[in-house]
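In the two complexes below, subunit A is the common chain; its partner is subunit B in one and subunit C in the other.
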Partner chain A sequence: MAQNNDFLGQVLATRGGERVMDCYQCGTCSGSCPVFAEMEYGPRQIMHMIHLGLEDEVLSGPDMWYCVSCYSCTCRCPRGIEITDVMAALRSLALQKGFTQDKEAKFSRAFAETVRQHGRSFEPELLARYYARTLDLLALLRQIPLGLQMLLKGKLPLLPKNVENTRTWREIFTPAGGKEKKTEC
Partner chain B sequence: MVDAARHPNIKILSYAELKRVDGYIGNFKVKVLQKPRYVLEDRCTGCGLCSPVCPIEVPNEFEESIAPRKAIYVPQPQAVPLIYTIDMDNCIECYKCVDACGSLHAIDFSQRPEEIELDVGTIIVATGFDIFDPTPIEEYGYGQYDNVLTAIEAERLHNSAGPTVGRFIRPSDGQIPKRVAFIQCVGSRDSRYHEYCSGFCCMYTIKNALILKGMYPDMEISIFYIDIRAPAKSYEEFYQRARNEGIRFIQGRPAQITEDPDTRNLIVQAEDRNLGRVIELEAEMVVLSTAAVPRQEADTLGQTLTIPNDPSGFYMEYHPKLRPIDTPTEGVFLAGAAQGPKDIPASVAQGSGAAARAGRIMAVDKWEIEPIVAYVWEDRCINATGKKCGICATKCPYNAITVKPGQAAHVIPALCHGCGACVAECPHNAITQMHFTDAQILAQMHALLAEKPEEKILALMCHWCSFGGADSAGTGHFEYPASSRGIRVMCSARMDRDFVFEAFRLGAGMVLTSGCHQQDCHYITGQQHAAKRFDKLASALENMGISPERFRVEWISAAEGQKYARVITEMDQTLKELGVERIKAENEQTRDKLAKRLRRWGEVPGVAEVLGGGDDGSE
Partner chain C sequence: MTYAYYPGCTQESGSKEYDLSVRAVCERLGIELKEIEDWNCCGAVHTSVTDPLLAMTLPARNLALAEEQGLTEVVAPCSGCYKNLRTASKAIQADPALRQEVNDAIPGHTLQGDVTVKHPLYAIVDDYGLEKVEAEVTRPLKGLRVACYYGCQLTRPRDEFDSPEKPQAMDRLMQALGADPVPYPAKTKCCGGAVLLSHTHIVVDLTGKVLMAAQKAGADCVALACPMCHVALDAYQSQIERALGTRLDLPILYFTQLMGLALGVDRQRLGLERHIVSPAPLLERLGF
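For the complex of A and B:
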């Protein structure tokens, strides 16, 4: 187990991460999580791993990328920990520290870039950006039948349609009072 | 209870409310409001003929509303005293009960509330607890799903004297459930509701599970828990017995309960922590082990008795380790769950303890108190001149000071605990504290700062925490610079602004005022008064021209020897960084302003002599 004793401190310093020490491992969060089955550890174990400083395992794992921000865990947590925000903080930490090899991380960045461009998702560009990162052409080919079906039903736009007032929209990506941070998605 | 009712020295006033408490240890005057029962206590024999003829049925509170009761009723069959009461909110005055009562003539609709005055020497508060209502925890569906019950409701259902004569049936269809799930820590250990652990729910859940297992051996019982707390004598063995009898313990706090609308069965979804897997357990009935919470009226009753509530809302004991039964008001004691969640053995033990604590006061004619009480110089009290003041009374945490218009404030020594809050806050220096007079404290200060004051740190410490902290720094061999000089007072509330002004006037390099952490204050609100005062004092000093670093406020507990050493080390460091020359220059500039603040202090008996002597020495 590679331990980074500073990792806990770094999580504590994030917005939402202030109360991770309050966790008493009741499991309400993991029990509430709709994507727990997809996760490797689940939020409860992630909390414990943060306590133990298992930085590599947490940040290279896929769990925080699977979080769908439904806030069930946060609402039900008897310790008042903002678990959904902890997950967001972990994503941010993972990118800052260069844990970008994970395919979930790559997908999230591709998605964020697409949204930043158009103010909404644009699937062809999203796929292009994603597969440009993974270079997994086989997987791209496997998407074609689904793509065609969507195209036939008119669910797949061919041209991007930006939201009105793109400039204002892009400002949302700029942290208040500061320059745009490269690492944040 | 029956024994208590029969005892010649015990009088039970039930269906009565405490209205007012005056006086002090050994001499309390208590006003009690006896509510009208509309049944005469000395005539009612508890025969119960009245109740069956009453046409009114309302939910029975004792049976958790599972059964009805009549408008004329006893709260429960074993009630002591066994006297019926008419619930006037629901009575329609049909007088059928009067006929049923017949020649006993025990029913009297003309009864009115009656105020009773009692002279008592001691008071024991044993008001118990309430049960948390789990309705706000929506994910558990209490109140929404019929078959989700609280533990107390389940308890009534399997009780052979209960509304179902001991048949453990589920509310939706009256069937005996085959699978029952218990959920622990509902509303307790939960920062959204109650932070504390209720303490006894683990044991009563295990008890309920074993009783059900005894009644229905085929029943599948699962207990969802975070931690099992079974610390008292034989409790662990009891827990082990439950495991051996096949009760399933699943470690994991359920995330949610859903209901199958067809079967009305419940699906409990939880992470089984030991499997690392989310499970869905179907049960016919779910029982929530709800938190024990302070009584609804705990606040108002606490105010009447001048006993404070701790952050959880239960009554606060005088000291958690050394005086766990006493309250901050001498002569008032706590027993049972009024002080905090407690099971039966602990409540009985505390009850016996409270009786013994009260007994040792009741057994003697005179009771000795600490001599460090406050004393008013009546000729100095501004209130006596007709001007309205009374600040001292508002600062007293024990209601020990009475202020009547046109009269000097009056301290009741038996109520005074000697914190000194009134002394420090009196704007006219009209109060002193015996053995901690201004003159005495000042004399210490003058002696400590007689030589090279600008190189010294004057530390004002409270007796209970900071002085203990300084002491434990010594016993723990935590090194700190030798520049500090300490003065002990009982509470940080005693630390007069004038002490700090005078210390700087004498040329002190640094001043530290320190006391207990807020929650540890031994005088209820003493620390809070001090904290407010020091806040304002800090800015006043800064305005006068004293560097803000030179006045420091720290809350240091008796266990924090290390912290004390650290604070002094840091202050010594700051002192050196500022430098003696700068401090001397600041002192020179501010001396007159400080003296101006202190100009009327010399009028306080004894102070002038000390002030005069100090001036000669330092200048």
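For the complex of A and C:
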């Protein structure tokens, strides 16, 4: 089936996505999901849509960006499907295919860029990168009172703490990493 | 007992009080923590969205660094870091081809053997032992009603340490400290922390349900073991109060801060003044 269905094949090839065909649509996942009410389809329907190869409908939708990675569905799935990891794989596929509009997609990229830069998270830069991507000035303004409170409590750092060698570190973000590249040189 | 210690990014900023209290409590109990030198971010749930292999390589670099320091057991106090490190450790142990792929992608380091990962809650409860903790208590937390909050990634995905549906370790620890853990139905419900900034209304909704359940059960405070949960329950509590139109005023404490109090650790070393919802009136009532 995978050969005739590109999207299903792509999901089956991801870590955690190997067993999506085992789903028998019982709905335990959607019944366990704390954000089901926010979603357009919910995990059970998403599983079915993967089976049917409805790539654009799944990847353009908001559901996987609402997933809070709580693993309730994964722990309860009677078929042992790693549903939370499937949701993560869908986020990754969505980003690859240019579905980047959800605010959580923007946050994920801002987070990855900050970690690539320093090796560790650095909240002021993360916030700057995130709000530069979303241009959500209202949300930014709403954060200011809490931001000030956290600053006063010493909960927002003023300087980043980097890994020792950031240039070598960043190679971990390139496909195939540093070592292979070195042997090529 | 010696562990490699992986602090995680928030332990240097937002949850410094967790870092301080973990170190102080372990020192008090004679558990040695050796910080992993040059550790990096575990990736949280966000980084691997840009490249799925990062969910393995970012944690694995930390495991490799621990191994280089001659340590084979890591403790990670943030539930999110703990979940990422533990998942990567297990996946790599089970799959030699993945180990090769991961090692090829980590510049300058190689993970050769098996490095296991534990949360400090289970290192203390299982490895050190509850009876020994109880014997060290000098100031029992008598009359303190605690809602133990496990959240998600401390017990999920399923593992051998505790039940993902009805976890007990923190409740038993609080009992050993002399406190009264209260039963309430939200101890494994998610706070929504993974989408804190992008979909804040979800955090307000989910965390609101947790706090309301704890309050209804008569809790004086919530004890927890994760910096992301702490931000949601503590820093966002006033937003939640506004949304729900009710007053909560529930202090949110790390389990290690409560341990420190009961074990007679110097209060200055527990960072109790760093919370947004002040625990000062509660501590005063308890005689601390």
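In the analysis below, the second predicted complex is superposed on the first by the 147 of 185 C-alpha atoms of A that agree within 3 Å, B and C clash if a C-alpha of one lies under 4 Å from a C-alpha of the other, contacts with A are read in each partner's own complex, and residues count from 1 in each chain.
One rule holds for everything that comes next: a residue touches a chain if its C-beta (ideal position, glycine included) is under 8 Å from a C-beta of that chain, and two chains touch if they have at least 3 such contacts.
Quick caveat: nothing in here was measured; it's all calculated off a predicted structure.
Asker: State whether A:Gln45 touches subunit B only (first), subunit C only (second), both chains, or neither.
Answerer: A:Gln45: touches subunit B, not subunit C.
Asker: Which of the two partners, first being subunit B and second being subunit C, lies in contact with A:Leu159: first, second, both, or neither?
Answerer: The answer is neither, since A:Leu159 touches no partner chain.
Asker: For subunit A, which side has the bigger count of touched residues, subunit B or subunit C?
Answerer: After superposition, C is the partner touching more of subunit A.
Asker: With the two structures laid over each other on chain A, which partner does A:Lys106 touch: subunit B (first), subunit C (second), both, or neither?
Answerer: The answer is second: A:Lys106 touches subunit C but not subunit B.
Asker: Have a look at where A:Leu137 lands relative to subunit B and subunit C in the superposition and call it first, second, both or neither.
Answerer: Neither: A:Leu137 stays clear of subunit B and subunit C.
Asker: Return first, second, both or neither, reflecting whether A:Ser72 touches subunit B, subunit C, both chains, or no partner chain.
Answerer: In the superposition, A:Ser72 contacts both subunit B and subunit C.
Asker: Looking at the overlay, what does A:Gly27 touch: subunit B (first), subunit C (second), both, or neither?
Answerer: In the superposed model, A:Gly27 contacts subunit B only, not subunit C.
Asker: Overlap of the subunit B and subunit C footprints on subunit A, residue-wise?
Answerer: 72
Asker: List the residues on subunit A that touch subunit B in their complex, please.
Answerer: Per the stated touch rule, the residues are 22, 24-33, 36-37, 42, 44-45, 72, 76, 78-80.
Asker: Hey, which residues of subunit A end up touching subunit C in the complex?
Answerer: Listed in rising order, the residues are 14-15, 34-35, 38, 65-72, 74-75, 82, 84, 88-89, 91-92, 95, 102-109, 111-112, 115, 119-121, 123, 127, 130, 139, 143, 146, 149-150, 153-157, 161, 163-165, 168-169, 171-173, 175-180.
Asker: Over in the complex, which subunit B residues touch subunit A? Could you list them?
Answerer: 139, 185, 189-192, 226-227, 251-256, 269-273, 276, 278
Asker: For the complex, which residues does subunit C have touching subunit A?
Answerer: Within the complex, subunit C contacts subunit A at residues 9-10, 12-16, 38-41, 43-52, 54-55, 57-58, 61, 91, 103-108, 151-153, 156-158, 164-165, 189-190, 192-195, 197-200, 202, 206, 235-236, 239, 274-276.
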